[in-house]
Amino acid sequence: MIALLLRDLKLAFRAGGGFGLGLAFFLILTVLVPFSVGPQSSLLSSIAPGVLWLGALLACLLSLDRLLALDWEDGSLDLLATAPVPLESVVTIKALAHWLTTGLPLVLVAPLLGVLLNLPVAGFFWLVISLLLGTPALSVIGTFGAALTVGLKRGGLLLSLLVLPLYVPTLIFGAEVARRGAAGMETTTPLLMLAGITAAVIALLPFASAAVLRVNLR
Amino acid sequence: MMPDLGKYAETVLSAYVASLVLLAALVLLSLWRGRRMRVQLNELEDRIRQDG
Amino acid sequence: MTISAKANAIWAYANPKKFLAASERVLPFFWISSGLCLVVGLTWGFFFTPDDYRQGSTVKIIYLHVPAALLAINTWFMMLVASLIWLIRRHHVSVLAARAAAPVGVVMTVIALVTGAIWGQPMWGTWWAWDPRLTSFLILFLFYLGYIALWEAIENPDAAADLTSVLCLVGSVFAVLSRYAVNFWNQGLHQGASVMRIEAVTGADTQEKVSNVFFFPLLICIVGFVLLFVALVLYRTGTEIRARRFRALLARERAGA
Amino acid sequence: MTLTVTDLTIARGGIPVLQGVNLVLRPGAALVLRGSNGIGKTTLLRTLAGLQPPVCGTIRGADETIAYAGHFDGIKPTLTVSENLTFWASVFGANGIQPALDAFDLQQLAMRPAGSLSAGQKRRLALSRLLVTGRPIWVLDEPTVSLDVAAVSMFAAAVRAHLAGGGSALIATHIDLGLSAEVLDLGRFRAKTRPVADFDGDFL
Amino acid sequence: MIALLLRDLKLAFRAGGGFGLGLAFFLILTVLVPFSVGPQSSLLSSIAPGVLWLGALLACLLSLDRLLALDWEDGSLDLLATAPVPLESVVTIKALAHWLTTGLPLVLVAPLLGVLLNLPVAGFFWLVISLLLGTPALSVIGTFGAALTVGLKRGGLLLSLLVLPLYVPTLIFGAEVARRGAAGMETTTPLLMLAGITAAVIALLPFASAAVLRVNLR
Amino acid sequence: MTLTVTDLTIARGGIPVLQGVNLVLRPGAALVLRGSNGIGKTTLLRTLAGLQPPVCGTIRGADETIAYAGHFDGIKPTLTVSENLTFWASVFGANGIQPALDAFDLQQLAMRPAGSLSAGQKRRLALSRLLVTGRPIWVLDEPTVSLDVAAVSMFAAAVRAHLAGGGSALIATHIDLGLSAEVLDLGRFRAKTRPVADFDGDFL
């Protein structure tokens, strides 16, 4: 198990910068927003928490399509499925590796990008908290989507179509926390909901992912 | 016979037209595909039976 | 007949051949009765009901909007049940019925969205608002699209059945979650569920007589839509069964060669 | 561990390809599967390895005893040869990769990223993984593809050593491996097509 | 040449719905924006042109990673490079196929999504015009990026990183046209710039893409 | 078209692998390349096909005359067998796929999506493509991988027909193809490592 985690992390680093790329996407997206909606700082500051959450979500999403596909293409997944480790823990480890290489760096860099978008001072803390609680759910749900579409060439866009609706509750509560935090309002309810979703998803979804993966290996 | 729809005539009529067109399209497409499938399957079954 | 024997008798129709024979027998009834109900209900509603004093003639949209909206949700529910039956009892017909129902659900969702949007223009002054009811319909539409796209994308029919069924299951949970999330996110303009208290919907005076004016044709339309749904799903399931057999025979013929 | 297969029917893409397969593989024995392209060798081996369910029939003795090597190598191009092997060794709980490296003469290549190996070198790496699984039954699908003569004899030696240690091997191949093993031709298990009228729950 | 175009279109259709998926991504993205920035319709209407342009751009971007990668992985690109067709026309055709299956559908569906985001009535015309002029440039530039990263496993994010900066000028002028159009202002200057960029890019970039592809095939 | 290679040096990943390669391939002749795994067969063939530049030396007669078939098949799984072939036929301007289908007995499989073929069937499809290129020089990298005995002899027959028609073939392989052809062992061209002191523009 540890071996699998270490291997995945190592692969992520070797593949040209590892988590650097997720971060870069996040950064570029944040930079493109002022280009597309215009540079008024009041407008930017009011959409900043939402844009940052959306950017983090998309950066997660984009790194999903190779989460299992590479292992499937070169036959590693066949071998892992016949190895003495339950497939449930394989997918959990994969989700964890994905979070460590994508979600966590996004959380850490989000405050910096908040500066670019004029995020109100009160918002930084809540932005980080909400991302920290929410991104694990994004990784786990994404792993489920990746397991569904593994083995489909050009599965990338299908993956987005399947995963994005599943991301809706996490996004709503996460962005709500960040938005309320930035506006200096009460955040307890959405924060609890966000934490609840993350916990439930981590506890239950790996079983679905493993089941789906077994079907795809046939 | 046409009832007086008042100032909302366009609204009501466009809603009816859009819905009925969608429903009709669904039914017709279903029937068309069903017919075609039936024909194709029969042809295939006959062909296989002839081949033995 | 004992209860278990009855249950077995039902499962017997999960055999594709029996299903085809049985559905062929009952289909004419459903087609005709749904056509009748729709013609009667819509004609009554369109031509023979009065305008609402506040909404004017736009209230006539209700005869399409509400039945479509009801079916849009319940189609997904039916797909969920059918998917569960496939996952537990592995009856092919049930999962094919889910597959056959999905496009019907999509069309119903689109009708609800389109009639709603058209209705919204005079009532709320906008085609679209991010009201929770409307928003969750949009999300439901996305779930339908994902489900259909997954069916289309996978070659192996049994694998596709398994994967889409799990997606339907997981998707249902998330759809319910989204519904709560959206409610929390934005309180809306749309009226609450009140088919049974139509006067509250129309805002007309609250006497039974007036509400019945709208209520009976609406009820007939709903029945018509439901019958149409049943007919379509039975018919399309038959098509899916034939398509499945067609592919299997074709593949076998090629493999044998 | 004796692998016993009784009356197995297997399908690919919903169509039965082999029917009524019976075979017994005892410790110390090797069995070579032959059969023309597309007869169903790969499908049979994947079924035995537990990657797909059989249509009917039973497989005994296959639980956590099989090491499978298929058409694809499962090699990560950015990891070095020894990192690739070490990973599989720790997944299977083996304690050293040295014997595996020695058996396939990978010592010289150990520090090279696996992506820069030639086709035959990659294949040698894939085969050496069998040694770190510690599993008694090897199930191999065309193992000698791309191998040169020297490497084929390394492979034969590795198989012989495995058999001598009480292991067994089931090998699908089109060419001669230089092993003295029983040969099973799959041609006689080719699935018979059912009559069309027989429209049952399987749609066939 | 025609054969290549037809094959690419056919492959796009066979791969589960072809252009449907790009559209779905665009739709979902548009739906997620209100979830993240909040539902106030005045806010949405002021960011609508920018969001729609950004959405179209991302939908283009996401479909790039398989534009050449699939042909590279299975060896088709090796064979095309040795076939009696110049690599320059191969990449041009690939870009054209990409535009037909991704860019064009996006243009056609953008007005519908404008409704969702409360785009001002005056904006619809200019949105469509700017997308129609801009998306071909996105496809051609994207093909260049795909040629640069072909052969890299997990190239998806690297591709985004390389391509997004190249998309900046197109995005700026395109979104500017849409934004000014929606606000009822003069649009001639950005429109001319946009057309100029597209024309120049179509004329010149295929040579660079072919050169880069040759290097990657070595 | 005679293919003439003079004093060729080729490199892989910046390291020279073969040096001073000389060979002449006349119309009607076949040449089999042999050499242990990793000697540089694939690299040589890709250089001849124009996919990578040589370090030094000249190649004459290789312009638009070579049909290359490498380790990867270049087959689109979602297209049918005949669609795959038709595509390549129209790229190369050939006018019919029928001879190619016949030569490799693909008639029965013609309407199947190529993704559902077995390993050997895919290989047959990849080889049949050579016939639709209309090119005189075939450059083949381990063409018989995964092929059964019948398919290998189909392949040999196709090569013989090609040679009889004035074509030529250069084939890298480890196993016997049943062709009477000259054999060139690449072992003697193995690049010599330069002394370390010799630090020139190549950093070596």
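Which chain is which? They are A, B, C, D, E and F, in the order written, and residues in each are numbered from 1.
The criterion applied here is as follows: a contact is a pair of C-beta atoms (placed from the backbone, for glycine too) under 8 Å apart; a residue touches a chain by one contact, two chains touch by 3 or more.
Computed from a predicted model, the values in this text were never measured in an experiment.
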{"item": "Partner chains that subunit D and subunit E have in common", "value": "A, C, F"}
{"item": "Path length in steps (a step moves to a chain that is touched) from subunit B to subunit E", "value": "2"}
{"item": "Most distant chain from subunit D, judged by the mean position of its C-alpha atoms", "value": "B"}
{"item": "Chain pair with the greatest number of C-beta contact pairs", "value": "A-E"}
{"item": "Same or different residue numbers at the subunit A/subunit E copy interface, by half rule", "value": "same"}
{"item": "Subunit A-subunit B separation of Cα centroids, rounded to whole Å", "value": "42"}
{"item": "Averaged-CA centre spacing for the pair subunit D and subunit B, given as whole angstrom", "value": "52"}
{"item": "Inter-centroid spacing, subunit F versus subunit C (mean Cα positions, whole Å)", "value": "57"}
{"item": "Distance from subunit D to subunit C - Cα centre to Cα centre, in angstrom", "value": "49"}
{"item": "Residues of subunit C whose C-beta touches two or more other chains", "value": "139, 142, 145-146, 149, 153, 155-156, 185, 245, 249"}
{"item": "Of all residues in subunit F, the ones touching two or more other chains", "value": "71, 78, 116"}
{"item": "Junction residues of subunit E, two or more chains touched", "value": "15-17, 21, 24, 28, 35, 38, 153"}
{"item": "In the complex with subunit A, residue positions of subunit C that touch it", "value": "139, 142-143, 145-146, 149-150, 153-154, 156, 159, 162-163, 166-167, 169-171, 174-175, 177-178, 180-182, 184-185"}
{"item": "Complex contacts: residues of subunit D adjacent to subunit A", "value": "46, 49-53, 64, 66-68, 70-76, 78-79, 83, 87-88, 90-93, 129, 133"}
{"item": "Residues of subunit A touching subunit C in the complex", "value": "144, 148-149, 152, 155, 158, 161-162, 164-166, 168-169, 172-173, 176, 189-190, 193, 197, 205, 208, 211-212, 215-216, 218"}
{"item": "Residues on subunit C engaged by subunit E in the complex (per definition of touch)", "value": "117, 126-130, 135, 138-139, 142, 145-146, 149, 152-153, 185-186"}
{"item": "Contact footprint of subunit B on subunit C as seen in their complex", "value": "46-47, 51, 56-58, 60-61, 64-65, 68, 103-104, 107, 110-111, 114-115, 118-119, 121-122, 228, 232, 235-236, 238-239, 242-243, 245-246, 249-250, 253"}
